[in-house]
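Shared between the two complexes below is chain A, which has chain B as its partner in the first and chain C in the second.
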Partner chain A sequence: MAVSKAYLKEEREQEWRVEVRKLLKNKERTALPRVKMGEVEARERICSNIEVNKGLSADEAVNEARRCLDCPDPTCISGCPVEINIPKFIKRIEQGDFLKAARVLKETSTLPAVCGRVCPQEKQCEAKCFYQLKLKNEPVAIGYLERFAADYERESGQISVPEVAPANGIKIAVIGSGPAGLTFAGDMAKQGYDVTVFEALHEIGGVLKYGIPEFRLPNSIVDVEIDNLKRMGVKFENNFIVGRTASIEDLKEEGFAGFFTGSGAGLPRFMNIPGENYIGILSSNEYLTRVNLMDAANPDTDTPVISGKQVAVIGGGNTAMDSVRTARRLGAERAMIIYRRSMEEMPARVEEIKHAQEEGIEFLTLTNPVAYFADEKGRVNKVRVQKMELGEPDASGRRRPMPVEGSEYDIDVDTVVVSVGVSPNPLIPSSLPQLETTRWGTIVVDEDKLQTSIPEMFAGGDIVRGGATVILAMGDGRNAAAAMHKYLQDKRNA
Partner chain B sequence: MNRIVEKEYFSENVVRLEIEAPRIAKARRAGHFVIVKVGERGERIPLTIAAADAKRGTITLVIQRVGVSSRRITDLNVGDELTDLVGPLGEATHIEKVGTVLACGGGVGVAPLLPIVEALKKAGNKVITILAARSKDLIILEDQIAQYSDEVIVMTDDGSYGTKGLVTDGMKAVMNREKVDQAVIIGPAIMMKFAALTTKEYNVPTVASLNTIMVDGTGMCGACRITVGGKTKFVCIDGPEFDAHQVDFDEMLLRLNGYKDIEKGADQKYLNSKEE
Partner chain C sequence: MSNLQTTYLGIPIKNPIVVGSSGLSSTIDGIKALAKAGVAAIVLKSVFEEEIKAEAEQTIGQQLGQDDNNLEFYDYYDYQVKNEVLDRYVSLIREAKAAVDIPIIASINCSSYSEWVSFAHKIEEAGADGIELNIFKLPFGVKDEAAAIEKIYFDIVDKVKTSLRIPFGIKLAPYFTNLGNVIHRLSHSGAQGLVLFNRFTSVDYDIENDQVVVGKVYSNADEYVNSLRWISIAAPNAGCDLIASTGIHDYRTLVKMLMAGASSVELVSAIYKEGAEVVGAMLSELEQWMSRRGFQSIADFKGRLSQGEASNPEVFERVQFMRYFSGHKQ
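Let's look at the complex of A and B:
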């Protein structure tokens, strides 16, 4: 899907936009320095779950918005998987009309407060900013501004509910309530469909709830976005596994005409090295689910969590950073990342790595675990690691790590979190034998329409991609909604 | 939702609950389990379905009080609702006619054994069932098991009922006496370990239904992982039933004890709060 140039041009020529552009000369705009995000100090934040980034003040936001040149060809939009009209919302901020700015976000994004926090903007919209591309200057802080507008609207108590088309009575089932499913549900509700979201867990929100920690994305913010969907008429059923609790056939009999699967990349990978099943070694999914979804660190909840004083997290992605920083907050004296490549190849966001470093996380790069050892009770007490060196680039384009012979040594640990990736959740595909899947277990879809081998079923997010980001899942939800709407209309008119 | 319609005490610490869950009652097969959570701050725990009545729209769970979560569930009464109930989960038992099947249930493990015994019998097998427990008051569901068994043998550790001896003593007696084509064992991990060693001696293919620690129960966390034939498997999605001769029961026993100290503390705290 690509947003039309004519539409963008028309929007840009609106009188208010022209007026805002005249407020400052471009030279004055480019001379302004990029805003710095306020943060809770590392010493303070590791003692609690407080959100690290404080957000921008109104003055800071307006000042940052002034930097945006409102380019005739807004390349930033091409970097956004849900194609937010970026200059339009930024110019609303410059104007001081923050509520209208938030409404612009909501034209295309179901979860702006979430995206403003967890999107890798530096690889998306901000990477395509004119400042970055042509001026070799720091890009406009689009992510910070997005968060500002969404937060302002929420805190104002004047949250706008997107306009919903008259009900068309067509029932749509959404499987999974993560970012893909929520986005799809919102877009279909806007078109007048009767949407029900089915969630296997007891909480709505998927990875936004069980995966991403409170200090990066407070649950209360996710709940507000879910509440907004409810106000648009979207229904939610928790504790419901489509394919198990009821089959697709059952749901068809109950009148559901379309299905969207966004069931996520549920299955944690392990490394299959000796001792990996000792007590105290757990997947990042388990660790984060215990702490985030089950609130296990709270003594008033029944779910326990083992989180020791010497914690090693294996891996270098965002989930690894979330895990190691959680361990620090749960009292780890030594919390370390063990990663087989170098800092340069680390897939985690730069901001997460920086925050982790400030919090005293150790980074053992070019290091790979080869075995674990345990005490007589089976509790892990040592990890044996091996030094690595980088060889020729592999299929992913990154230099392949090669073990250095004879470089093994042991590190004392009492908790190990394995965060080396996830595989698609097999639960949905396994209950639908007619659904075409790849040999990795992802669902096969038509690239543009996101339609599966079952014509009335569309799919998106990690169950299709294997393991990606919140915003790419949202983009899929959005594209699938548009494609399903067209499919159902064509079917009706046929 | 999830309302308790019947509650029965099999003994002081073993409770049968019949719960309204029409969709699960209709969808479940022998071997399936559910995840239950009681209270907003409760823990998610797996429980194998003991019976279901699709017409009434109910499922039956048999729960032994061992810790805070099982106490919370068994402290509920008729009319109360389980906060969260999801399923059916896991792979259903593979049922076929093999000839003679020796079904062994230890303690509360007899409950999940019941639907399997029923299905095996209906598939045309000769079913010999051994019920084993420490003492007479812990022998449950004997009549229901008898309904679908050609023979029921009761073993108690203290000899207070049936024959005095361990489950393995009863198993050996049967296997010495006649040809057994398959065994099914469900019970405490330690019982399954020795039952599996026993059938291995006699070269009888054996299935064990495992109940490990789980969080989500849908393949997401890996808390339930065990080693089967040298490979890591997830009990929630690959099981809960496995070839008992391939399961590393020693590892499973260690993993089951992973939270023991925390669990004891939580249990005591709950008991104290009830006294107040």
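Let's look at the complex of A and C:
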């Protein structure tokens, strides 16, 4: 769904934009340094769940917005899966009209405050910024500005609710309340559909709530975005497992005409190495969900998580960073990342790695677990690791990790969190035999329409991609909503 | 009726014919057919670590999203593929054990020490009666010393034997600087059997189309001689079962291998070429031969012509055709 160039040009030629551009010469704009986001000191933040990034002040945001050249060909937009009109919202910030900036974000994004915090902008919009592409300079801090505008609107108490078309009476079911489902729900609600989101857990938000810790994305931020959807008329059913509580057929009988599956990838993977079933070894899904959603860090709860003193987290992605930093906050004296490649090959965001390092996390790179050992009660007490070296590049373009024979040694641990990826949630595919899936368990969809082999079912996010960023899942939600709207309209007019 | 009982990896078996690791033993239907034909044990098709890695690489190459946005999903995908492949293999072992009443032997080929142990462990849990370690790396590295290559074999055996309770054997290549020494030491290393020898795919040229092609897939009946020589040499002092493999196509070669000192033989090409019926035919001819020669059991003639027992043991050490090599007749 490419945004039209004519539309962007028309927007750019609006009088207020022209006036803002005239405020500074381009040379003056490019001479401005990129803003640095304030952070809570590491020694302070590891004692609590306080959000690490402080956000920008109004002055910092306006100064950073001045750096944006409002390019005639805004390449940054092509890097955004939901095609936010980036120069437009940034120029609203430069103008000082922060509420209007937030409204621009909401034209295409259901979760701007979330994206401003967790999107890998360095790989998306900011990677396509003119500064980066042509000037080889630091890009405009689009992510910081997005967060600023969204936060400003929320804190101002003047939250705008997107316009909603008159109700058309068509019931739509959304399975899963993660970023794909919420975005789809918002876009369908805008079109006047009667949308109900079914969530298996007791909290709405999917991976945004259970997967991303409070210190990176406070739940209150997600709740505000969900409240906004509620104000648009979207209904939510918690503790409802589609495929168990009710089947798709049951929902059809209740009058649901369209379905969007965004049930995510919540099935943890393990390495299946000897000893992996010992007590004290758990998946990052379990670890983070229990801490983030079930208050398991509190020793007085029914099912507290063990606050290990020597915690090893296996993996090098964002989830591994979230897990190891959570362990640190729960009192780990030694919190380690064990990763089989080097720092350069880690999939985690650079910012997350930096924050982890500041918090005293040890990085045992080029190191891979081969077995676990336990005490007489079956509690893990050691991990045997093997040193690795890098060979030729593999299919991912990264150098392949190769074991160094005879290099094994043991590390004392009392908790191990395995964070080596997840698989798609199997519930929906297994309850619908006619639904076409891949051998990886993902749902097969038409690439443009995101329509599945069951015509009235569309799907997006991790259940289709296997693993994706929040913003890509949101992009799927948007595209699927547009495609389902067309499908239902065509069906009605046929 | 002759007693054909013998052993394979120290496991008692009803006769000396075992099916070697191949496509023949990759499905339950194939396994049932082989058991029905009378084989005494079946070595399942090998599971290769390299194959798993290649499959993972292919998947990652196809599925990796734009800007590596799903890199975290695929970062450890090789483990996922490995687990899937091993799960399928475990199912095959379990189904085979339930379907037939003869020993089922798994076969693995790994490229790293830790995986040998990991694979072997999983296979043992699945209920296999034994494991054949299909160890071989083509020694094409010009900087690799022979001793270092040999050491790999012993290191793998050391690792595996400490974590396994079921018997294991090694399917060996004939390419060692001092083959006699390697066979002898490995036979005393803790393995319960040595299979002599593994037959590898070869390279050939299609000279009409200028293409490199795969050489002859199946062995022929003349290829047994190398195995015969080395089983004969190794048998008198071997610390475990020796199993003959390569070029065994009729009962005569089967008998020769047993007389050399093998406890059993592995058949593959003969079954591919002639069907599973060849097993029954060979066993029947073996019995007739034993009866004709007055042998009651395999033990009566096993090793009878090994180097230690033969009247002219020097023959085993001759490799050059010289004038005084009087044994050869036109």
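Basically, the second predicted complex is superposed on the first by the 491 of 494 C-alpha atoms of A that agree within 3 Å, B and C clash if a C-alpha of one lies under 4 Å from a C-alpha of the other, contacts with A are read in each partner's own complex, and residues count from 1 in each chain.
The rule is short, and it goes like this: a residue touches a chain if its C-beta (ideal position, glycine included) is under 8 Å from a C-beta of that chain, and two chains touch if they have at least 3 such contacts.
For clarity, every value in this text was computed on a predicted model and none was experimentally measured.
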| item | value |
| --- | --- |
| Joint occupancy of chain A by chain B and chain C, clash or fit | fit |
| Partner chain(s) touched by A:Asn272 [first = chain B, second = chain C, both, neither] | both |
| First (chain B), second (chain C), both or neither touched by A:Thr319 | second |
| Touched partner set for A:Leu364, first chain B, second chain C, both or neither | neither |
| Contacts of A:Asp394 with chain B and chain C, given as first, second, both or neither | second |
| Contacts of A:Pro403 with chain B and chain C, given as first, second, both or neither | second |
| Chain B versus chain C as contact partner of A:Ala127, first or second or both or neither | second |
| Chain B versus chain C as contact partner of A:Arg465, first or second or both or neither | second |
| Superposition-derived minimum Cα distance between chain C and chain B (Å) | 5 |
| Where chain A meets both chain C and chain B, residue numbers | 270, 272 |
| Chain A-facing residues of chain B, complex | 23-24, 27, 37, 39, 41-44, 68-69, 72, 83-89, 215-216, 218-223, 225-227, 232, 234, 237, 251, 254-255, 257-259, 262-263, 266 |
| Residue numbers on chain A that touch chain C, as the complex places them | 120, 123-124, 127, 265, 269-274, 315-319, 347-348, 370, 386, 394-396, 402-403, 405-406, 408, 420-423, 440, 465-469, 472 |
| Residues of chain A defined as touching chain B within the complex | 200-202, 210, 238-241, 244-247, 266-268, 270, 272, 276-280, 282-283, 285-286, 289-290, 294-295, 298, 300-304, 306, 377-379, 425-427, 430 |
| Complex interface listing, chain C residues touching chain A | 57-61, 63-65, 67-77, 79-80, 82-83, 86, 112-114, 117-118, 121-122, 155, 163 |
